[in-house]
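Labels for the chains are A, B, C, D, E and F, by order of writing; each one numbers its residues from 1.
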Amino acid sequence: MKLKKLHSRLLHGEKGLNGWCSIPSTVTAEIMSGYDFDSLTIDLQHGLIDYQTALLMMQSIVASGITPIARVPWNEPGIIMKLLDAGAMGIICPMINSATDAKKFVEATKYSPIGYRSTGPTRAVLIHGKKYHQEANETIISLAMVETVEALNNVDEIAATEGLSGIYIGPSDLSVSMGFEPGLDREEPKIEQAFIRILSACEKNNIIAAIHCLSSKYIKNRYEIGFNLVTISTDIRLFGQILGERIDEIRK
Amino acid sequence: MKLKKLHSRLLHGEKGLNGWCSIPSTVTAEIMSGYDFDSLTIDLQHGLIDYQTALLMMQSIVASGITPIARVPWNEPGIIMKLLDAGAMGIICPMINSATDAKKFVEATKYSPIGYRSTGPTRAVLIHGKKYHQEANETIISLAMVETVEALNNVDEIAATEGLSGIYIGPSDLSVSMGFEPGLDREEPKIEQAFIRILSACEKNNIIAAIHCLSSKYIKNRYEIGFNLVTISTDIRLFGQILGERIDEIRK
Amino acid sequence: MKLKKLHSRLLHGEKGLNGWCSIPSTVTAEIMSGYDFDSLTIDLQHGLIDYQTALLMMQSIVASGITPIARVPWNEPGIIMKLLDAGAMGIICPMINSATDAKKFVEATKYSPIGYRSTGPTRAVLIHGKKYHQEANETIISLAMVETVEALNNVDEIAATEGLSGIYIGPSDLSVSMGFEPGLDREEPKIEQAFIRILSACEKNNIIAAIHCLSSKYIKNRYEIGFNLVTISTDIRLFGQILGERIDEIRK
Amino acid sequence: MKLKKLHSRLLHGEKGLNGWCSIPSTVTAEIMSGYDFDSLTIDLQHGLIDYQTALLMMQSIVASGITPIARVPWNEPGIIMKLLDAGAMGIICPMINSATDAKKFVEATKYSPIGYRSTGPTRAVLIHGKKYHQEANETIISLAMVETVEALNNVDEIAATEGLSGIYIGPSDLSVSMGFEPGLDREEPKIEQAFIRILSACEKNNIIAAIHCLSSKYIKNRYEIGFNLVTISTDIRLFGQILGERIDEIRK
Amino acid sequence: MKLKKLHSRLLHGEKGLNGWCSIPSTVTAEIMSGYDFDSLTIDLQHGLIDYQTALLMMQSIVASGITPIARVPWNEPGIIMKLLDAGAMGIICPMINSATDAKKFVEATKYSPIGYRSTGPTRAVLIHGKKYHQEANETIISLAMVETVEALNNVDEIAATEGLSGIYIGPSDLSVSMGFEPGLDREEPKIEQAFIRILSACEKNNIIAAIHCLSSKYIKNRYEIGFNLVTISTDIRLFGQILGERIDEIRK
Amino acid sequence: MKLKKLHSRLLHGEKGLNGWCSIPSTVTAEIMSGYDFDSLTIDLQHGLIDYQTALLMMQSIVASGITPIARVPWNEPGIIMKLLDAGAMGIICPMINSATDAKKFVEATKYSPIGYRSTGPTRAVLIHGKKYHQEANETIISLAMVETVEALNNVDEIAATEGLSGIYIGPSDLSVSMGFEPGLDREEPKIEQAFIRILSACEKNNIIAAIHCLSSKYIKNRYEIGFNLVTISTDIRLFGQILGERIDEIRK
């Protein structure tokens, strides 16, 4: 299989860097693929992107070799399988609150006898090669989002789900669920404790510990405390940030 | 938050007028936004519209200040949340048959601690402003469709759902469920009784009573008997109606 | 060749009725094709439609048997030929001001030895059949717009252009060029004289005399004085008209 | 109702031939509609197609009279009803593993009192005519996919589902579920036994027995042993096949 | 007419700030419209944008009140008029090398008797109001690009073109034409002399002097020496710049 | 610069094989890019493809390394330059009938001082690298179509055009211009003489001699007599061919 830049990185014990695509555009996706990301996630949940556009975006970034991941809107097998058939090498699934949720999610990403994914990897086989079916179960990355207090309480069971590749922390939702305001790069002790608890569950199960971040400083800190995959902001936030800075420089 | 034309209308005890978009086109949506509707509903259920087009349509009507609403295909959290993140200020959900259905629907539209909506209002925050998270729970309109005999029997519990903004009657489905032919602007006594029963449940719970109508005469009557929000036909029906009239004038 | 409803109508000495598509939508086009038009013109000049959308629209109206026509943005061979290859059975070309303009236009619609149209009727041959090349020169309708004072002065030469199917009057542009305000359904004597002059030139050359109209009454009058093809308004105007009427009924 | 080419074929006791569209393109769909298929299935499961594109594709094949079918991504009422409202005359639903699954699926395709399909056949009524509501329940084709061992064990109950039109075998998934490699045109005795068992259940219930095939030889054999509807390969496979053959001829 | 933020700015003797859209996306355009630009130019020349997308982008920025401008691919009346009819309030035309070029361009943007623009402002009248025809000639901004040595030599005649609103310098093409490498924010004395010469021609004719820039520092300098409209970089460059900076911070 | 598979092939004195994309689809384009073509031409003339779709198609084939070429609708600088900026490595221009036509075409593909191409290689620089401007003039392939008797008579001057990369024969148009029926793989002596004359002119000027073909046998013969670049049929013809063959096998 191809497009395994993230897989290689992690296999060598290195840290992964993920970019985040919320803009429904092949052009912004292709531009991002020109930078040194290990993976690019096309966000079909909070991003402004639906399946047909996600397909075009995945087509536009193949040449980079970067691993294409998709975040699905919800834990629903139809869209998970469609995105895998379209060539996604990983799925991030929001709102995994229990072991049952996690099992339902993971099994949607695996062919029988492990899961219930339907075979018919239309574009996946074109892109990743003829051994796709044989290699998919062990290659496709499944990341369960832990982002509620309920999920936090069940994190050990979730992390222990057979076949799950890792946990992706949604810091904003988790903060809201814990009674805080939404936002990223959290430093409140209670939230940090929650993060550490999730990280520990991942380490215990030897799975990926991933988290969505904003600043480079925070990202480096996350790497240091043990996370092996981080996301830098989103395309929309970065674009807005530089627009704001530049307009301010001129207007002032 | 912005785009609260419908909210203002209702707050002042006035009647709301809703337009209905079934055509997947930013041009027809933008044209409609030039007329004095209080809200425009983009119909992803029976309308010929999917998420990516709905996003474009919501972008094309912002300048009017009219409140954008979306009807979802089914009571499924993924699409409800996607449309809210895309900037919809209200959701109409079909086939709410029980208090359980209603609760599942309403909570998908509310952030914690009231509901389970995931935070990440990508376009919503761009359009409605930085206080979006703080204001969304009390501003987003949720309208449950009561359109089966089962729903009618449960209408008091449905109407009493914590956080529900109102009930939207689907006269055609309700008629079919009651054993009549499909169609709008119903005057059969049994159907009218059902409407009145729903209207009463809304009034008792002080929530919006909305209904889909065709003729201006029928709409005025609905206003008179107490409905506070009505829909005029659909873009497709209106377009077909004038085409039919004009062709007939010339061909005869 | 197929989709010759307009051809049949005119061949029998009957009057043709043309619908006008300015909305870039397969849905509005398909709806229009359900009514008794003889031809539907997809307007790539003032309409909000480009080639790729025009192709989809032409695909969506085939089942009706109505003759598909395209108005091009300008007298430019590239787009004229692209639309013919996409299956258009007629071309309306704006701003034909001289016999030279007319000849350049007409020859772009004809294969050698009459014109310089390039052969490669990709979709046309799929839709109209294998004899497309042999039949196209005599079947494709070319309508030159006479809509300036200069064109009016040259109307006899324009109308006499070898192979031209007819003249399509643009009443609004012609009025503006003559020093009046823009608008359709003109009754000013000077403008009517201009129309009559164009009509006479068409009759003398035994070609189609066509005109863009609004009201049914005006259309009937145009038929009576000898025009053989008229257009009813546009999709956008009709849609706006019924919206305005219905909103007024309710709001008043 | 219109577009009943497949219905006519089967009504006369003849065999049906189905084409398979996985490419999200109105052009490839329209080309296919120029060949003698009885039905064309637009595949929203493994095909690279989402609702908005499926709508365009269904618009582009109307003129052929071929019966439009859609395969949905999953047994979810929202997308089943959207596709029917868009004009699909049949639905193929994957992964029907039990009588409960089958009942949920079939009822989503039927109006009350038989099922729970919501009324509002926006494009369907434009295309199929004003009696759509009255005729839909008996005309819409519902095909349940039997493609797992679990489904095989429940095939008699599935086939007996009230209102189900037939069973569509997914040979590749069924093979995988039975412990074989994926693939079509299977000849392994155990797999053939499974096919025969499904075929018998269909025959017993007098419903359509359909199967996805590759080669013409295998198709003819399927017809001979009693299947009444077969699919020839997919657009993507056929396109790849001829490209491979032609390139090989030249490069060698 | 509406969307005259740039007009107001310049009318008050203030400096205009223009944003540049090369990405074919309503989302990036809408984000840009949330910042304090006076105008946004949708680039159909070097930008990756065609008419149909430009229309959607213009629809998505109306609410901001920012003046929409389009750069056309070439001095061709068809596309100039289409973009004005779609609601553009200004046109930037590349490669105006002579007074003849300039006259042809300007007259394409003006209705008779000044120019030869065809009337039919389909979306323009919806957006800008019913007096559009009466106000367009004096409101539409026409900016001729001076970007070759030939144009430089003819700059006085170009600047004196009746009805021309201003000159937009293309620093990169002009530099190339003068024998330098391409690029913006030029400081070579010969190039600066050329800029000054163009600026003087604009000042003499009391028309807008505009220039495409990169850095805030350079922009401020351009304002100081007399330019009244500047462009900040492009969406693609800004997006790439912040991606590069952020990745570098983390990877190093 | 990248995507020079065709350049390498020809540089080594080998024969080039070109595929032809007329279907407006990233999926068919990406499938084609999986086969051993040296170049793929996206046809914006007779193909059903416009700029915005061509951009997406060029994005979807980058990973293959195959050289992307575009055929433009007409010898018009706007679209030639847009396609080069979008990343096309070659342009095929139809209906080059004289040295003047050829010069106008070639210079549109070259930066100053050789031509008048405007600089601003938005996507080209992202894809082909930072030295794009310096390398473009010598790397971009320009192929003039000789396809009329007039062009044939001027072929020596056309072939001698400074900077022209080669001549692409349009056999069908040339045949029609010579008084024959349209079609490819011509064997009529007069037509073959014309081909030979063009081939000789190419050989004399040491430029590419290219021709559009259908059958493998004819292609091999063209290679043998000296053509160095051939096109195999088109995507639409190949797709139709295999559909026809397969349907015939089954229906008979």
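We adopt the following convention: a contact is a pair of C-beta atoms (placed from the backbone, for glycine too) under 8 Å apart; a residue touches a chain by one contact, two chains touch by 3 or more.
Here the structure is a predicted model, which means the values were calculated and not measured.
Of all the chains, the one whose CA centre sits at the greatest distance from that of subunit E is D. Interface of subunit B with subunit D: the two copies contact each other largely through different residue positions, with under half of all numbers used appearing on both sides.
Here the C-alpha atoms of subunit A line up with those of subunit D after a rotation of 120°, rounded in steps of 5. Ranked by distance of CA centroids from subunit F, the top chain is B. With centres defined as mean CA coordinates, subunit C is found 40 Å away from subunit B. Averaging C-alpha coordinates per chain places the centre of subunit C 34 Å away from that of subunit F.
Multi-chain contact residues of subunit B (touching two or more other chains) are listed as 24, 27, 31, 34, 48, 50, 52, 55, 76, 79, 123, 236.
You'll find the chains touch as A-B, A-D, A-E, A-F, B-C, B-D, B-E, C-D, C-E, C-F, D-F, E-F. Of all residues in subunit C, those touching subunit F in their complex are 50-52, 55, 76-79, 81-82, 85-86, 111-113, 116, 118-123, 133. Touching subunit E in their complex are the following residues of subunit B: 26-27, 30-31, 34, 55-56, 59-60, 62-63, 123, 126. Against subunit E, in their complex, subunit C makes its touches with residues 22, 24, 44-50, 52-53, 72-74, 76, 79, 94-95, 147-148, 170, 172-173, 176-177, 179, 181-182, 234, 236. The touching residues of subunit C, when paired with subunit B in their complex, are 17, 23-25, 27-28, 31-32, 34-37, 48, 216, 219-220, 232-233, 235-236, 238-244, 246-247, 249-251.
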